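Order of writing sets the labels: A, B, C and D. Residues in every chain begin at 1.
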């Protein structure tokens, strides 16, 4: 029933007939969702609160597994195999599919250690390599110039916007293939928001990006593809330009024109 | 009308102020009384009291070292056992345990913290000491047994506070570490423990203060020997158990004064330990807040 | 071995270790509880509650004197310590606020709260026992009250802090003088918390032995005169447990059970009371929203 | 359930608060005579309604608390000399005679079977003999199967008249002891674990295999411990039995003007058990009112308590001694 436009891109992740149920719930929070995630593009998930966009995003790196009793149905294909498989190596999976959260999540350590954390987890111990990669990631996160002289300060000393860029730098330091953004600017001021947005646009050369946002202008500004969700279902998926100018579904039309949400 | 109120107002305010000053009064009074009472011994022995080993009341010779040593070593043994186990319990309660176990186990551990220490002492004398005797030989009384009882006594206290501190780690912070490919242990050691560190260290220091000043749990099993033992399984004594054993039975001024000297030393050390924990807690409260 | 498999093995190992630690720790704690319940219940009898102490080997010795003595000491310490604690807490929160003096009192009471209880015993001995010529219930009560004041002070301080300022402003806006506002509005708003604090404070001091050894001393008889030495469950336990007589040791376990029951009962009561009020308060808030 | 019981107790108790106001006395001190004082106080309360609250805290405590006037009477197994009594303004009289016995907890060795020479006792407490099968012990006990185990030495942790009398005895039989440790209520013990009171020592001996301790005979009897046979002053083996204690006690030479100061240790005679001691009561001179009550209590006990004293393992004072004490009371106007 949903309108899912065929796209002419290399597909990185493919969600197929995917449903999700939270522990203790009797109904599915995501119902039979299917959509492709194009490689090296930005895909935005939009929809009113409670529509399941964050639930879907959090399924893509199986962060739901941290809490017992959550259930996945269907398939999410990544390089030809289903990541919902029981034997999936979640630790490995998450190093390849990174995530940025609603609020900045600087770890209780220095700026340097924050960025180096993922690398250290992967067993990188050589200081020279670490130094280089940290600098590179901070540059990638558009933060390097601001912090290069105080890399060993506590990460708490950074402003909110800086911390969010630090989190992005931390995520890209491990060179993931996909980055998931969960409303990354909802806690930030407009100037920091613009900085993050331009950062996201610049990142897509290297990684595939999925972003959840409740800000439709933001989706329009930065995404190539948009999926509109409502009440746990995917209503429409297609090129961003098309979704925002000429959607097929009435619901989509009403939502983007601000009739509800 | 107005006047009546302002008299009452003044009266009430001064009453509360007076009560607050009482706290200051009691604490200073404890210090002053201890110093006055300890003065004859301080004057007679000087600071060599702290380094002198011989405790021979029949010769009017009093050295505090064995008691001070016993207090330190038994507390050290207690911390060595209690800290890892308590943190283990806290990690279990906060991260590993199935949900259905969390609440009952958490509450029962908190309730165990409320059991009077004299009960721990009784258990120690009748159950733990024989067990220690069978396992390690000797007579089962001494620093090791006392340390073990102290460890068990402070266990609930440290675990409860550590669990609470670990639970304050924001979910989103843990998730973002998992999203980087961290294992559960990575998250615990790199995120949760550093995040809760101040709380954990604070609780550990407070527990240390408690173990150091504990009387009843150790007096039963210390062995009460004013000798510096050559083994942790040999009988020893501690400051509080020396006081409990000998305080009401001294028959000379110098003897009593020496016991007050020990009490003064105990009070000062506890004061330092607690003040340190307090300082740590305070420092912690100001920093470390996730930005919103 | 890749770093990821190594980390997974370490993860498994450490988590299992922590589970084992938890099991060992909890096993010890439950061992104590089991011993207490087993010995305590087998010692429990009606006699224990209606008879006083008797020489070892005499039929029908009980703990009435110690139970009543313990209650007298606990109630006495409450009567003496709670008003001072509440008033001092009120000063710190309502009058002293963030002044250096108020902070000093807070810090000092934290220190007093954790001071070794035996030191307080020696202090009261010097202050009240040696000069007045006798061990007495009064001395015991004073020692326990000194321990109780900082506990009540800090609870009052914290609980008054939870009372929203809007309530205070509303009272002042109605023309109430400050002491009226505190007595009628602030105390009312904080009463659940303060009462819980009092319960926990009683539970805390009721389990103390060390400060009583040289103050209220002990008695083999039923005693209600505070000028005389008074028996307590804790000191009786200490004496009975270290004695060689099996009937006394058994009574000691009985005393331990009664005391632990009393202390745990107060703790549980405090919790239930608090959670009960927490729930009702939530309900009230919900109703208001509607 | 427990709370309910507690509540009923409180109610019952408040109803039970006796309307007749019996007199109250608080005494504290020696643990050595504590069992018999408990017993006497219990009977005295039944007979007269007066409460005598005796707390056994050790003789050191008895002297200290009586001197400080924190109790109505003190009790000590170490008699005080006139000078000290004058200084602290105390009266003193003996109340009962007891004996210090060496008790052990060695599996398979029955009461009285183990022979310990007086010097061996000193050497054990000096830490010179550490094993039960030490040749010096075996020499006196060729027929016993003594274990190759360490001896756990148990002694007092508090100021004790029992210790005073025991160390007095050890100083007399061992010059080594005399020079290294000496005599006193609290000592710098070379070895051992400390128990609080005779109660604590008994408890530790009972609980600890291969231990040895010294306690008043009453503690040995009521706890069915095994005792050792030791030596008289002249080196004859002597068991810890009532007739041997009595043989020692018969030698006592009490003197009124010395306030009965007398140490019964190592009396002459082939049957005189060597560590026998009287235990004393200390009365603050100025407390005339309570003193007459204390005296009444002891007079009542002298008249009615001999049987229970013997049963518990003490030696009651001979009638002539009791009369001498009554004379002392009268002379110092201690009676009403």
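Keep in mind that, in the parts below, a residue touches a chain if its C-beta (ideal position, glycine included) is under 8 Å from a C-beta of that chain, and two chains touch if they have at least 3 such contacts.
Quick caveat: nothing in here was measured; it's all calculated off a predicted structure.
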Exercise. Find the most central chain, measuring centrality by the gap between its CA centroid and the centroid of all protein CA atoms shown.
Key: B
Quiz item: Which chain is most remote from chain C in terms of Cα centres?
Solution: A
Self-check item: Separation of mean Cα positions, chain C and chain B [Å, integer]
Solution: 16
Practice problem: Using mean C-alpha positions as chain centres, tell me how far chain A is from chain B in Å, no decimals. | Solution: 48
Quiz prompt | chain C-chain D separation of Cα centroids, rounded to whole Å | solution = 38
Self-check item: Centre distance in Å when chain A and chain C are each reduced to the mean of their C-alpha atoms
Solution: 52
Quiz prompt | chain A residues counted as touching two or more neighbouring chains | solution = 91-92, 95, 121-122
Practice problem: Can you tell me which residues of chain B touch two or more of the remaining chains? | Solution: 125-126, 181, 183, 186, 219, 248
Quiz item: Residues of chain C that touch two or more other chains: which are they?
Solution: 4, 7-8, 217, 242
Exercise. Give the pairs of chains that touch; include all such pairs.
Key: A-B, A-C, B-C, B-D, C-D
Quiz item: Which bits of chain B are touching chain D when the two form their complex?
Solution: 54-59, 61, 125-126, 129-130, 133, 138-141, 219, 223-227, 235, 237, 245-246, 248-251, 255-256
Self-check item: Of all residues in chain A, those that touch chain C in their complex
Solution: 89, 91-92, 95, 121-123
Practice problem: Please give the residue numbers of chain B that touch chain A in the complex, ascending. | Solution: 98-99, 170, 172-183, 186, 190-191, 194-195, 197, 287-292
Self-check item: Of chain D, residues touching chain C in the complex
Solution: 2-3, 5-6, 8-10, 12-13, 16-18, 24, 26, 28, 35, 38-39, 41-42, 45, 51, 53-55, 68-71, 195-197, 199-200, 202-203, 206, 219, 222-223
Self-check item: chain D residues within the chain B interface of the complex
Solution: 28, 57-65, 67, 150, 152, 157-159, 167, 182-196, 204, 207-209, 211
